[in-house]
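Got some structures for you, see below.
Next come two complexes built around chain A: one with chain B, the other with chain C.
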Partner chain A sequence: MKIALAGNPNCGKTTMFNALTGRNERVGNWSGVTVDKKEASIKHSFAPEGENLILVDLPGAYSLSTYSTEESIAKDFILQEKPDVIINIVDATNLNRSLFLTTQLLELNIPVVVALNKIDLAEKKGNRIDVTALSEALKVPVVCTVSTRSSDNGLPELIKAVLAAEEFGQEERVPFVRNDRQRYAFINELVRDAERKKLSSEQQTLQDKVDRIVAHKWLGIPIFAAVIYLVFSISQAWLGLFLADFFVGWIDKSYEAVASLLGEDVNPVLAALLLDGIIGGVGAVIGFLPLIMVLFFCLALLEDCGYMARVAVVMDRFFKKVGLSGKSIIPVIIGTGCAIPGIMSTRTIKNIRQRRTTAMLTPYMPCGAKLSIIALFAGVFFADNAWVGTSMYFLGIILVFVGALIIRKITGDYSKSYFIMELPEYRIPSVKRAVISVFGRAKAFIIKAGTIILVCNAVVHLLQTFDWKLQVVAESAPETSILASIAMPLAVLFVPLGFGMWQFAAAAVTGFIAKENVVGTLAVTFAITNFFDMEELALVEGGAEVGTILGISSVAALAYLVFNLFTPPCFAAIGAMNSEMESRKWLVGAIAFQLGVGYTLAFLVYQFGTLFTTGSVGEGFGAGLLIVSAIVATFVILMRRGVRKHQIRTSVQAVKS
Partner chain B sequence: MMSLAQANLNKPYIVDSVHTDQEDIREFLFALGCYPGERITLISKLASNYIVNIKDARYSIDEDLAKAIIICA
Partner chain C sequence: MSGIDWLVLGVIAVIIFIAVRKIVKDRKNGAKCPGCNCSGCKHSASSGNCAD
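Presenting the complex of A and B:
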């Protein structure tokens, strides 16, 4: 039996889906978090024995007429796949609007059960809803639910009503509609009878006062910067580091335990593969797990409280200036967790150029995997300053703006679109929900570390252990290994960026498989097992050591960081870009663009940084300048051509009119 | 008759029409409850956006859209 969850955006469909199925799908206190349908079996504690109830979570929709793509996913599923029962989630705090979709669903000849969700919030506001009157007028069962609660939440009653509805079907239809105006007339009358409100929603509330500050034209930006800085301080300087210290201790212990288990008799090549390649490499990556978990925890709290929608309001006018809209902020913010769901959520953008541009620029936001690279370089070269991470986030945002501006010029497409977004109410974020979501992500991270990253590290280790004649490389000549000889030609290209060493080149390449690999490969190629100082919480002393081993200046380290963050993302994210852009030309252009921008940026950071710190430009300045000039020239030519195209188009329109 | 962009704060108005050639945004606004005859209140102007109350929810809309929504007192 198939049950569909349908309702307005942000009415709590995914929260209910998670509660009923035990899954851990992404939720957030804003519209448009779910962009794809998701299916799972309802937990056995809710379902009668022997019955397999499949629940389908659909993206939110305000109506069955389609405005956005994710709304059409909901519509198409309901019309084409005909679920046995629809659970229509109605937001009790916004009864009137929600019932518009409800009445449309009632006309489909599919049994409907209404879940009156967020009833606790409605009661807190002093609103009283007459459930019996509602049920009688709509002629469907109405069940009050609070899916954020773990007990007394109405969910068992809801499933019972669903099963009954399936058995008996829907007896009669509500005969109210000839057109949508009549629909609203019916709803307005129904709500007038069934709902008693203490306060009109038109009145100013405390929430509006808070909005005036956090979404203020100018104050909004420093507030956002402060919030991100705080998040980084907590995750990378205070709590995260404290936890990481414990964690790395365990990894070191497991390293020693395996070493003693292997004993002296094991083949040294095999032992090195296991210890330095696998445990060392994977351990180096896993070591950053606590930092990443704390960051995700903070971000989950931020998303849950409703602040992110305000960020979209603050940023809208900047996005407008570069030809995007506030809608593009959602993918960018989701991209701070992982670029793939971020890119997928560009589906909510209707304008095709804006959608493709956003999909192309979303990977500029440092994702969770890139965070391990940031944490490594911040720790080793910059004494764990939270400004490193914060500035990388803001650099990411700036690149999104600049990138959008360039792409608009290249395409010559100056179309505009309206921006409208619901502002969810603020609420106190749930620590429990944040913890559940963080552990879900931690699990995914560990699985990734134990599979892709483990294999990559093992391969990297083997390639650097042997030369082309399959002889073990002498310790004094590591540059004769297969890995070194493959990476060396690439490393030459990186000389003008300050890190022309084969180890860094190899790490940048494995980074395309998964960005965590950058850390793993550096650990393996430089034979470092511990990026954290065990003796002290501060990384300073141990950091200096690691810095000497890596053998590059802080400026070059920053350039390398910038290079890894702002060149193309991992292959999985490129795949997501491909499917959302639906154009080979755009994909190739996007990758070339990202490569060009990453290279140019790293060059500027290294050469200017070196000029400021030492008084003269760095190595390979001339050659690098040549390459960067070529990149910039290409952009300029393409932009000129795009602008011309735009001018021709507008003049053609002028002639026509 | 004026556009929402010229409205006073905290004063309920009645939507007269939505002046745009994009049919889909008109339909979308309709589904939210922003259609001729329905109430709309301007709560505040933030950054470049207009915060409005339609039915029981707050929305942020940009200036272009605010100019497209024609209201009367």
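Presenting the complex of A and C:
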């Protein structure tokens, strides 16, 4: 038996889907989080014995007359796959608007059960809904639900009603309205009879007052900056570091245990491969897990309480000004977790140029994998490190705006689109949901470290252990290794950026396989197995020793960080870009754009930083200036050509009209 | 190579084999990235939602 969950955006479909199926799909306290359908079996505790109930979570839709891609997914599924029963989730706090879709669903002659969700919030507002009157008017069962609750949530009653509806079917209906005006008239009359709403006074509610500050067009930005600074402080300096210290202690103990088990008799090459290549390399990456978990926990709380939706409002006008859709905010914010789902969620943007531009720029937001690089360099080279993460976050946002502006000029497409976003109510964030989300991410991080990172580190270790004659490289001549000879030509290009060493070049390249590899490869190539050891490496005390081992200045470290964050993302994210852009030309252009921007930014950071700190420009300034000039000149030529294209198009249109 | 060397080599080979097998298995299931069991995977109908 197939049951579809249909309803308006942000009415709680995915939360109910997770509660009924036990799945852990991403939920968000704002609209547009779900962009495709999801299927799972309903938990046995809800379903009768022997019955397999398949639940399908559909993207939110305001009506069946589709406007957006996700609405058409919902419509196509309902009309073509004909589910046995539809659970129509109606937001009890916004009955009037929700019933529009309900009336359309009722005309499909598929049994419908209405779940009056968020009934607790409606009651809290002082609203009273006559469920019996509503059920009689719609001629379908109506069940009150609170899917965020773990018990007394109305879900068992809902499934019972669904089973009954499937058994008895639904009486044949003819469309009871002819047009939308009649539909609205019917809904208005129904709501007038069934709902007793507490009239809001002319005075502003607390939420309105908070929104006037938090979502203010100017005040909203410094507030957002302060919030992000606080999040990075908690995750990278206070709680995260405290937890990391414990965690790394355990990794160290397992390293020592394996080392003592191997003893002195084992072949040193094999022992080094196991200890430094596999355990050390993976351990160095895993060591950052507590920092990342704390950061994602804070971000999950911010999203759940409704704050991130306000950030979207604050950013919306900037997005519009640079020619992006307001909808571009959602992929950018989702991209802070992982660029892949962020890029995939661009499919909700109708305008093809805006969609491709957003897919190209979403990887500029530092994702979870890049956070380990930020944490490493911020911790090692900058004592007060919360500002590093915060500034990288905001640099990412600025690059999204600047990048969009450049791409709009290059394409000569100045089309605009408008985006209306419904602001969710503020609520106390659910710690349980945040914990579930964070543990899901932690599991993915550990699996990634135990698979792709482990294999890469083992390969990197082998390549730096042997030379081309397959002889073990002498400790005094690491530059004779296979890895060094491959990475050295590339390292020459990085001299103007301040990190022209083969180890950094190798790490940057392995970073394209997975960004965590940057940390893993640096750990293997510099033989650092622990970036957190307070006594030996003094990470929080300025990390002088790690800095000395890595052998670059703080400015060069910042340039390397910028280079890794703003050059193309990992191959998996590039694959996602390819599928969403549906254009080889755009994909190649995107990679070239990201490489150009990353290189130019790193050059500027290193050379200006060195000039500022030492009074003279850094090494390789002339050569770097030539490369950067070529990059900038290419952008300028392409932009001029685009502007000309736009002018021609505008004049042709003017002549035609 | 002594017996203990072969043993260590075997352990390393097993670890790498398990990691590679997991990568291949995830790729076959449609995961774009090892560990990620949501975005782009067949079993979640390419939801675009990466909770994990």
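Here is the rule we go by: the second predicted complex is superposed on the first by the 639 of 657 C-alpha atoms of A that agree within 3 Å, B and C clash if a C-alpha of one lies under 4 Å from a C-alpha of the other, contacts with A are read in each partner's own complex, and residues count from 1 in each chain.
The rule we apply is simple: a residue touches a chain if its C-beta (ideal position, glycine included) is under 8 Å from a C-beta of that chain, and two chains touch if they have at least 3 such contacts.
Bear in mind that the values here come from a model prediction, so they are computed numbers and not experimental data.
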item	value
First (chain B), second (chain C), both or neither touched by A:K253	neither
First (chain B), second (chain C), both or neither touched by A:E25	second
Touched partner set for A:D316, first chain B, second chain C, both or neither	first
Touching partner for A:D180 - first (chain B), second (chain C), both, neither	first
Partner chain(s) touched by A:R347 [first = chain B, second = chain C, both, neither]	second
Touching partner for A:K38 - first (chain B), second (chain C), both, neither	second
Contacts of A:R640 with chain B and chain C, given as first, second, both or neither	neither
Chain A to chain C touching residues, read off their complex	14, 24-27, 33-39, 262, 265-267, 270-271, 273-274, 278, 334, 337-338, 340-341, 344-345, 347, 437, 440-441, 443-448, 450-452, 454-455, 458, 514, 570, 572-573, 575-576
Chain B-touching residues of chain A, taken from the complex the two chains share	62-63, 65, 67-68, 93-97, 100-101, 180-181, 184, 201-202, 204, 207-208, 211-212, 215-217, 220, 309, 312-314, 316-317, 320, 325-326, 350, 416, 418-423, 425
Residues of chain C defined as touching chain A within the complex	1-2, 4-5, 8-9, 11-12, 15-16, 19-20, 22-23, 26, 32-40, 44-52
Chain A contact footprint on chain B (complex, rising order)	10, 12, 20, 22, 24-25, 27-33, 35, 38-39, 41, 43-44, 46-49, 51, 53-62, 64-65, 68
